[in-house]
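Below is one structure. I have some questions about it.
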Amino acid sequence: MLFQLLLNGLIAGSIYALIALGFAVIYKTVRFFHLAHGVVYTSGAYLAYTLVIQLGVNSIVSFFFASILAGIIGVGIDRLVYRPLRKQKAANLVFLIASFGVFIFIQNLLQLIYGAQILTIRTGPVKEGHHILGAVITDTQILILVVCCALFGLLWVFIRRARLGKAMRAVADDPVAASVVGIYPEKIIFASFALGSALAGAAGILISLETNIEPTMGFNAILKGIIASIIGGIGSIPGAVAGGFFLGIAENLGIWKIQAGWKDSIAFAILIIFLLIRPGGIFGVAVEKERI
Amino acid sequence: MEYLLHILVIAGIYIILTLSLNLILGYTGLPALGHAAFSCVGAYVSALLALNYGISPWIGLLIGAIAASLMGGVIAFPSLRLKGDYLALATFGFAVIVYSIAKNWVAVTRGPLGLPGIPTFSIGGFQLSSIWSYLILVALLVALTAFLLNRVANSPFGRILKGIREDEIATESLGKNVNRHKVLVFMIGAFFAGIAGSLYAHYITFIDPSSFTIMESITILLMVVFGGMGSIKGSFVGAAILVILPEMLRFLGMPSSIAAPMRQMIYGLLLLLLMLKRPQGILGRYRFR
Amino acid sequence: MAFFEVKNLSKDFDGVRAIDDLSFELNKGQITALIGPNGAGKTTVFNVITGFLRPGRGDVRINSRRISGLPPYKIARMGIGRTFQNIRLFPKLTVLENLMLALKYDTGERLTSALLRTKRMIREDAENKSIAIDHLKKVGLEHKQDALGQELSHGQRRLVEIARLLALNPQLLLLDEPTAGLFPEMVTEMKRLIKQLKEEGKTILFIEHDMKVVMDIAERILVLNYGKIIADGSPSEIQNNDEVITAYLGRRRSVAS
């Protein structure tokens, strides 16, 4: 029983981690809560649905294509909404609320297009899962775990090694210094939205292999993603992954003893505890303090 | 006609909610995003007192407001150290927890089944059952709320709140206990939100957790942001428009499967345009810092 | 007992010792300058004294009463006021409101007073309004009382910040770079103000980078470097202090090479 819960926690956690990862990549460069990230996640799922179910495109091709499209949507949001706000030097809260406006708009646009009923991209019969140590894990779940971890690894290498990755870190550390050495913040912001949003889209597609697609799925997802980010250390890439797994496991262990209806509360209770006691998260990221 | 009056009553309840959130968010600058949690407490406390102990709704109204106020204090304390996005997230989280309690503490709240048969207000034996009487009651309470909050704002106490919004550190350096004022302003805002919640409970005579979701909190936030941060008149405008707008859409005769997402898309678009063009809202005077 | 004492004050920041076993005393009515190279910890000292940072170790006392460990608002009420390096005026409040926030209210600031709109509150507010205007007159800006904080020029904002500080009626004034960014005429005016405050019995500790100003009005100079006091004396003593010169200019090169 315990092992099954742990397994469930790992799988949920890997999705949370992927969402948090995309969120962190973006947060690192723009430093505000891009709530609309959740609806990019939803878009990924719906785009995959259109490709696979409605157009009959091959699954793997659809996965990549839909993720890339999600990346484009993310960049579109930045260009249309955030960039004008950056030019106005808007306060953080303005970005937050604008992001929320985008969220509601796109979520309901998707509902208008696809309808409010649940959809699914799972095709074929439900296969029996594998038994390990008294727990069951299906092929799909293994696939999700593997893909997620592959993406984590790829991103890690990218951030560490690739020029673009290093440039992103530079802009995150000090935008002015970065521009002095010829790294244009706008370019980097473009890259982080493209990358982060593609990851969100991928997460949306992966979760749809396990559960249903519906317009409101992004809300919970982004909240969990933000919570995971903060738990792990806001803006930290390994933190996002750690936080995601931590949250997934904690939630699933939590509902072992507590009613399932309290699941969301558990997540937020953990969030509040971290905010109060260790705002820097597991990895102890430095939280910006006001200069007096 | 009855329907129009019903809309006005609902608008009135939302005006009280908007006014009370505006004091916390617009006037004092604290991004408290979980306002529906307070009206939830007010509604449930008042309803349960009436249903389980036969307590008069008038007293329930007061006790519900006080309970909501205490909840405000409870939420304010841990939030003292948090700023900006983190405060928003934490207050949001508290609202989720309150909603979860309403939904899961079935023994007390009956969970998703809700509480039906809540008694209405009565004066000296006369049940307030006609919609006109409710309209008058709500109008009186709206006026009272606006009156009192106006007094709070335009006073030395209110000046400290403005100081907190503008610059907490400077305010503290002038000898003002910023933390105490933050807790107080949460409690005041929560108090009036509790009144709105009770009003709602005894008017509709049925409440369930779905009236106090996160979206509710966000709707109230929208009303504050839209109508104008820190403006009393703005609260009226924001609440009125955002209550009447969906009703107008209904009259366009669209099927609800289109009307519902359409309405939300307009909300989203409105928010966007507001933030891009006029973040302080229609009548607001204080932009976000 | 000295008027104001700092004893063995230490403060660590992100692993760096920002203030290192600092001790000094201030006498009443003295004008003392706190100087030192950038990053020496001067503003940090102010932040710890005024309670915005908790001291790691050590003691701060005014009139023998301990203030270290108290929250900032209590320290302010005990007679210590400060200005800020970046001038913290309330941008969207009027100049008058800026000042009135510094004034003391007996009961007028209470919530109950606001709700009941007591006669006392109205009276206190009216009295405080005229007190605020008086303070504005001292810096010659009463004609700007209805301007918003953000509408003032840099020099005007510095003056209003000082006026607001005076409205607080502190015994010890901590001024963080009071002449930074001011035109020469304004600098002269600021120096005059500071000297006048001393005449009125105030004690002043000010951070300053402009050595001319320091030499002109400081009666005593504290020199800070790497969180430690490296010199404490009269202007002429400090001018000839080797360690101070080294701290500012680097190693002293001998004239004959």
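Every chain is named by a letter (A, B and C) in the order it is written, and numbering of its residues begins at 1.
Note that a contact is a pair of C-beta atoms (placed from the backbone, for glycine too) under 8 Å apart; a residue touches a chain by one contact, two chains touch by 3 or more.
Being a predicted model, the structure only gives us computed values, none of them experimental.
Visitor: Can you list every chain that touches chain A and also touches chain B?
Guide: Touches both chain A and chain B: C.
Visitor: If you average the Cα atoms of each chain, whose average lands nearest the overall Cα average?
Guide: The most central chain, going by mean C-alpha position, is B.
Visitor: Where the centres are mean C-alpha positions, what is the separation of chain A from chain B, in Å?
Guide: Here chain A and chain B have centroids separated by 31 Å.
Visitor: For chain B versus chain C, what separation do you get between their C-alpha means, in angstrom?
Guide: About 42 Å separates the centre of chain B from that of chain C.
Visitor: As a quick test, compute the distance in whole Å between the mean CA positions of chain A and chain C.
Guide: That pair's centroid distance is 47 Å.
Visitor: Quick check on chain C: which residues sit in contact with 2+ other chains?
Guide: Counting only residues that touch two or more other chains, chain C contributes 52, 84.
Visitor: Note the residues in chain A that touch 2 or more other chains, in rising order.
Guide: Expected reply: 292.
Visitor: Where in chain B do residues touch two or more other chains at once?
Guide: Only 169 qualify.
Visitor: Looking at the complex, which residues from chain C come into contact with chain A?
Guide: On the chain C side, the touching residues are 14, 43, 47, 52-53, 84, 86.
Visitor: So in the complex, the part of chain C that touches chain B is made up of which residues?
Guide: Residues 50, 52, 71-73, 76-77, 81-82, 84, 88-93, 97, 100-102, 104-105, 108-111, 113-115, 117, 121, 124-125, 128, 149, 164, 168 of chain C touch chain B in their complex.
Visitor: Quick check: in the complex, which residue numbers of chain B touch chain A?
Guide: 31, 78, 81-86, 88-90, 92-94, 96-97, 100-101, 103-104, 169, 218, 221, 225, 257-258, 260-262, 264-265, 267-272, 274-276, 279, 287-289
Visitor: Show me the residue ranges of chain A that touch chain B in the complex, using the header's touch definition.
Guide: 32-33, 81, 84-85, 88, 90-98, 100-109, 111-112, 115-116, 215, 226, 230, 259, 261-262, 264-265, 268-269, 271-272, 275-276, 279, 290, 292
Visitor: Under the stated contact criterion, what part of chain A meets chain C in this complex?
Guide: 286, 291-292
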